[in-house]
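In what comes next, chain A is part of two complexes: it sits with chain B in the first one and with chain C in the second one.
Up next is the complex of A and B:
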């Protein structure tokens, strides 16, 4: 006979008592809560109270969205799980999937908006388990908002550096012919008789080259990464990205 | 005495432009496409007003300015550059440039700069004569 006890332990939900589990999760730095089959919070560790800024009465026994302070809990009278936004809620679907499939979910990232602390970027993991005879889901929530902000800043710095290098190269190459065209237009203006069409044409050439010169000066003063929509693409917003604000481009 | 200007730029079209512009304003113009060539000219000729591009092959405009100012401290040298940052501006002042122009620059501004340079040099010369 084959002893498959080890396989059974892996397949079956983990069995804990409330006290035993609380002792373990209280020692962990993540917000960890137990969600029961009614989608209510059955147990929460100290970090969860800190994260939600709520006490036991406000947390235990309340449905997830209400307990955590999701802004969409008030969208419909039935509360969390019934509003149109709830269909998109990754926290809800991750917990439900864990419960239905009895499979853990790892590192699911989502953005939620809370009444207490606004928009937060979360990384959630779940584990199906048995708690005092009930099938429940252990939910771990990691607030990675600051990490995401740092990643975003680092990415923008990298992009800015590439933009500045490209702008520098383009400006350097463009400013040479611009100088030549502008200079000869100026000399031409000296030679042409007043009130003639040719003089007006030469003036227009000079004016347009000066305009190009102001664009390259703005490009050289790019100090931040800012884009704007252009048809279906995103392009660098030279006015917003530049420290010079000459307002001459259309 | 004819007032001479030395123009140094590795772009032929820019040299051509500056030669025409300064000649029209009444100056005698010498030109060089490299710093080394410029130093050769300065060894043979008595020129005190100069316009250097910063981005020259081999020895750049900043280095050229330092060498010239060491040998001719009373010379007035202007920088013209295609790409400038504040850091370069500080470096230009340190190298001894009188002022700094970003391309594209108006010819009238360069001619005005040349006028100011000769005015300054004349003032210095008359003071020297008085002191003697």
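Up next is the complex of A and C:
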């Protein structure tokens, strides 16, 4: 026989009093708020006031998007939850899912744009619970914008060093045969009679080698990671990535 | 930047040419010979240095590649200048001038030439170094 008591307790929504819960969440460094069944903020900890830069009057009782300062709250007269962008709002769907399925949601990442601090990358977690007899959702919001920025910079730095190494090796290997072709084209130019089609052909060979030479020079001067779309893929944007401008080098 | 106009491309001086790639020796050798220079070519940098040390006054200018398996161009520059500090040396490189500059040791070459270099660049650099 198996004892399901522990599982049953976990399945039950957590029961807290407002005062007790506030004491716990006020001690935590994350922005934590309680959202009621009307999607309004019922309780908010100190970190939430700091994060939103609002006081109790501006937060408590207000619907999520309005309380947190989402730019889409003003999109439609009905406010948060009714605009076209609201259908895509992960904060809204995560809270609704928690409420409907009575299941906690972990580490959902999303990007939101706020009136007072612009675009922020958020990581949200939720927990369904009972608060003073009401079914509510405990919502924790972590602002990971700086972490994401740092990760992005670190990744681009790593990619850049690989690009520079590859470009350096390719250029070095290509400049050798280019020098040889250039030399032979120039000797041909010296030997061929003026005004002949062959002289024009040799001139064109030289011109194209010079063109390749300017490309390898630009590749050598790659200083930043920049890509551009190419068919369905992404390729390095040599002009944008290089410190060397073709017009300057000419 | 100072612009110097050099019309003369030919000369009759003696040049020691060092590059581990035979096609480069072939074409640069042909160009230099055609413009009157007496060229001694080496594709092994150690042999080239030995040749220079045996008779340093048999040459008026040295052209060396940067990347070579035995002795790299920057070391050739240092060794050559140890024997004859006044002899002009041109260092050819397939890397950017910035990288090449960072790679050269305390003794700098008189000129760094970026590959692919055309004959005019090469010949003008030679005349500039020999005439100044």
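Quick note on the criterion: the second predicted complex is superposed on the first by the 238 of 250 C-alpha atoms of A that agree within 3 Å, B and C clash if a C-alpha of one lies under 4 Å from a C-alpha of the other, contacts with A are read in each partner's own complex, and residues count from 1 in each chain.
Basically, a contact is a pair of C-beta atoms (placed from the backbone, for glycine too) under 8 Å apart; a residue touches a chain by one contact, two chains touch by 3 or more.
Here the structure is a predicted model, which is why all the values come from computation and not from measurement.
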| item | value |
| --- | --- |
| Side-by-side fit of chain B and chain C on chain A, or clash | clash |
| Contacts of A:175 with chain B and chain C, given as first, second, both or neither | both |
| Which of chain B and chain C A:187 touches, first, second, both or neither | both |
| Partner chain(s) touched by A:108 [first = chain B, second = chain C, both, neither] | neither |
| Touching partner for A:215 - first (chain B), second (chain C), both, neither | neither |
| Touched partner set for A:160, first chain B, second chain C, both or neither | neither |
| Chain B and chain C contact sites that coincide on chain A, given as residue numbers | 168, 171-173, 175-184, 186-187, 190, 209-210, 212-213, 217, 220 |
| Chain A to chain C touching residues, read off their complex | 168, 171-184, 186-187, 190, 206, 209-210, 212-213, 217, 220-221 |
| Chain A residues within the chain B interface of the complex | 168, 171-173, 175-184, 186-187, 190, 209-210, 212-213, 216-217, 220 |
| Residue ranges of chain B touching chain A (in the complex, touch as defined) | 11, 13-14, 17-18, 20-21, 24, 55, 80, 82-85, 102-108 |
| Of chain C, residues touching chain A in the complex | 21, 23-24, 26-28, 30-31, 34, 67, 92, 94-96, 98-99, 114-119 |
